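Here chain A shows up in two complexes: once beside chain B, once beside chain C.
What follows is the complex of A and B.
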């Protein structure tokens, strides 16, 4: 009997029909679950792109999930304030309980919702600008706050490499406005031209992101498997997870600690001498300081070539169409480091940011520049809670002014 | 009759095994698409 059973099983295994049916069933079931999760939403409390939502640990922040979080947490009668930009705006250096964006919400009061979508190494375009487009028509008013500390204005709407998937997630799930979809079609040739200037590996990465998000728009795999990562276990090794390796992401903590403001004010943060030349190299890399020293400027002023390139980037950026609702914060560098720079470097740095701010303002953007002290920084660029709260005060004042106009 | 039942039972069992195996491969294919969309090297934030 068993010989007979065994031979029938072997014979049956030769026919792939049931096997293929199983493949389709398994895959299809996953797609249905993914679609349901994309629709229903599953993110818990969201404070910023940290803790469970660490994009530097492979987490694919999803446009549909973030939109869901905002829609469920903020009534459309409110003014929506979205924070984009870099790690400075993300609040690196600030414990979650004293995060500057929480202070901003407190300053703005009722009728305003604040969501911090700034990510490490982020730029003006990215998570927040995409979300602004998705939710723009639903809310009474939407403001975008970003920093302009980064060297390059990323005018492609998908932003920096670590945030591009978010835009394409929204694009292929038809969440973007018709205006932005048309803009992407109009500027296709420009984006493709710019892409040719990239290294081969960067080009490959970009194509991979677009293709994977195109397929995700059909099969919803990121929604399903990120849900499992978030709620049950992280299914792959991540280099920076430490003790939280393999655990559900929802329990990954954002850093938090009590701050003694008196101690913070009295701390001597910087005891190491600054190597002026090395720091000048860092500034050149992150703030286009080289624009001051290139051939066309003669080392005396910001080069016209740099400024005209920046003007072109601002003109080409679709956000310029809504620039009256965008506030850019000029953070600058810690005065402690600034004071250690040679005079010509100080002048170059100041001139570049002054020119940059004027250029943005000429296109209708608002620029705020809080006056920071050395004690407001944790390093040359990032603000601690003291600095974060100064930023919150300035930004809140500007939003209230713009909203009342 | 006994042979018929054995054959029928064997067919049902093998069909079920194949279907479950196929479903597992389908789920694995779905998961692989997710893994392929993640960057190979994690993006590491470099502090100054």
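What follows is the complex of A and C.
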């Protein structure tokens, strides 16, 4: 029946020449529309980028759109503060109303714009660092704030897998600085070498991202599709979308519920019983420090091999060239867990933090370490509003100091 | 899905460009044949690597030479080898783990160390095509003489990964016609392109349904009854749209090259009985099973009991073809039993229709009997769809989960 129906339609439209012209014309129109969208802005303002867009739900954030949102919301006379890093910096566990980056903006006052571009499992390199490069020359000053969790530094400039497309989007649309473009060609051999160490599927994913963004640089389909997805219809089903699945992303609610501040405070203390299996499992996960210590030192000193490897990674990271404008926040594990660790493990954590912080500072980065209480965490590593506000205070002080210097 | 990767789109665009360009040369037929062969090998190598290529080349060479020599014993031997390779690559681990559950002594044999963990891409498809080729040659059909044509038959990239399973008697003339006549501005290109677009649209909807199903099935029982039926339908449509999208794209890409490929689906969810369903669903596989298993086992010329047994057996094999796991076996057996039941029921109804009191009743109550006919149409369709869609539960989920989901559809 389908084939008959199909044949009937085709038989009535027996004009291959007109059809081919129609295909070319239609495709061309889509490309022009995509280019226009990339040029105009269609993203709305946001408190944190992961809120309305939910990049982990198949949304390829567009570098041109984020830059547009920032340009339209922040005058170039202001100091731009971009927040990168993981879900901790994104503020998972903090309702929008009490989000730490909002408090940071309040603390910094007029003359500063804050944009939270941190995403789940993000790292120092990612949306924020790429945006820093795109907008670096336009603003009076740009600061990048990220967390110093394990694994944040040893990424190539395109960052973690979920954020790589953003870098290549900017790369193939010539939005990056010449300095960064040159760095990418200089370090090509290094990136290729690192790529060989990846699993086959990760390598395939990486090639897929690069190829798709190369094509997008020519045809602009991503902007066309995300425009539809954002404004009219989301093809991605998720429980987070609200009442009707497939609703446009612009009306998706933020994933942290809005609650009254008093209620929020009563919810903040992490109350998992210390004798529970989950607690013990998490604790044991954070008690294994063998990767950082030399056996020969009897567990007394942080391994020089680990530190020299880290130093090499910092050296290789493009961001080290602008390290004086980067603030790394050490969050660590919740004191609720830390207090239950064995003494030698506690000492280990302190040693590692000190060694890492010294190393980063020696390369010109700024490191902040707010003093957190158990009540500041929503789980072993994510801060709640109280913790977020402490972080905001510390980071704001450091930015103001650096800016005044 | 390979057809929706950026790599494939670039590959296909480049290939078609060269293919149409080759049409301007005097030796276009030879050139296009070579182009298809090289593209097919490059395509398969990209997705499987050296090991996959080695297997298809080895089995292909054996099949080609056995067909050329046309010796029955040799052909039988090669059919055995080809079938054995499918069993080895796809089912060794499954057979050993199942036997180890029955005979715990066998669990000491480390089958996972020497048996292949992943079967080479498309092995189920090309093995069935090779068997078809050998059986038909043995039955007296003229074998393919040109090695290049055989290479293209064995590795034709649009149909290699997910069918339709080709028949060489139909494919080779169509291929020859295609390479001789394909043009960029032609009805073939237009029809093929539209067919690819239809496939992409189906795949898009199917992916949406896949996410919907993945998000809702774990909490199936918590939904209202109407939503459970919606999820039930979504499961059925996601597999139909996904699989038929593959076929549409394969048929469409081939047609853009001027090559007509056999249809694989014909509105299967309009079937009014299970037999009709299998005439409309994955037609290239069901016709393969009919021609090379069912009929070879005696078809309907055997005793009713043996006929029933044969039907169940071929559908168990059909289930296993889809994957090496017990749920596929069960799904196949489920359809086999359904077909046996339908067979007996159909015979009973035909007998009943021939009875004089039924004929008298129909003659005297014409309006009422056409009303009954319409009711019969609707009821048959509903029963068939519930049967087929419930089968998808067995296909995708463990037995206990399938049963509890099915019960939940009726508030049980």
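The rule is simple: the second predicted complex is superposed on the first by the 338 of 405 C-alpha atoms of A that agree within 3 Å, B and C clash if a C-alpha of one lies under 4 Å from a C-alpha of the other, contacts with A are read in each partner's own complex, and residues count from 1 in each chain.
Keep this in mind: a contact is a pair of C-beta atoms (placed from the backbone, for glycine too) under 8 Å apart; a residue touches a chain by one contact, two chains touch by 3 or more.
This is a predicted model, so every value here is computed, not measured.
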Contacts of A:330 with chain B and chain C, given as first, second, both or neither: neither
Touch count on chain A, higher of chain B and chain C: B
Which superposed partner A:363 touches (first chain B, second chain C, both, neither): neither
Touching partner for A:42 - first (chain B), second (chain C), both, neither: neither
Partner chain(s) touched by A:246 [first = chain B, second = chain C, both, neither]: second
Which superposed partner A:221 touches (first chain B, second chain C, both, neither): first
Touching partner for A:55 - first (chain B), second (chain C), both, neither: first
Which of chain B and chain C A:23 touches, first, second, both or neither: both
Touching partner for A:380 - first (chain B), second (chain C), both, neither: first
Interface residues of chain A shared between complexes with chain B and chain C: 1, 6, 13, 19-20, 23, 208, 212, 215, 235-236, 238-239
Contact set on chain B toward chain A in their complex: 2-3, 6-7, 9-11, 13-15, 17-27, 29-31, 33-39, 42-45, 47-48
Sites on chain A touched by chain B in the complex: 1, 4-6, 8-9, 12-13, 18-31, 34, 55-58, 60, 87, 92, 120-121, 161-162, 165, 205, 208-209, 212-213, 215-216, 219, 221-222, 224-226, 235-236, 238-240, 282, 379-381
List of chain C residues in touch with chain A within their complex: 5-7, 9-10, 184-187, 189-191, 193-195, 198, 204, 207-208, 211-212, 215, 263, 265-267, 270
Chain A residues touching chain C - in the complex, by the definition given at the top: 1-3, 6, 10, 13-14, 16-17, 19-20, 23, 207-208, 211-212, 215, 235-239, 245-246
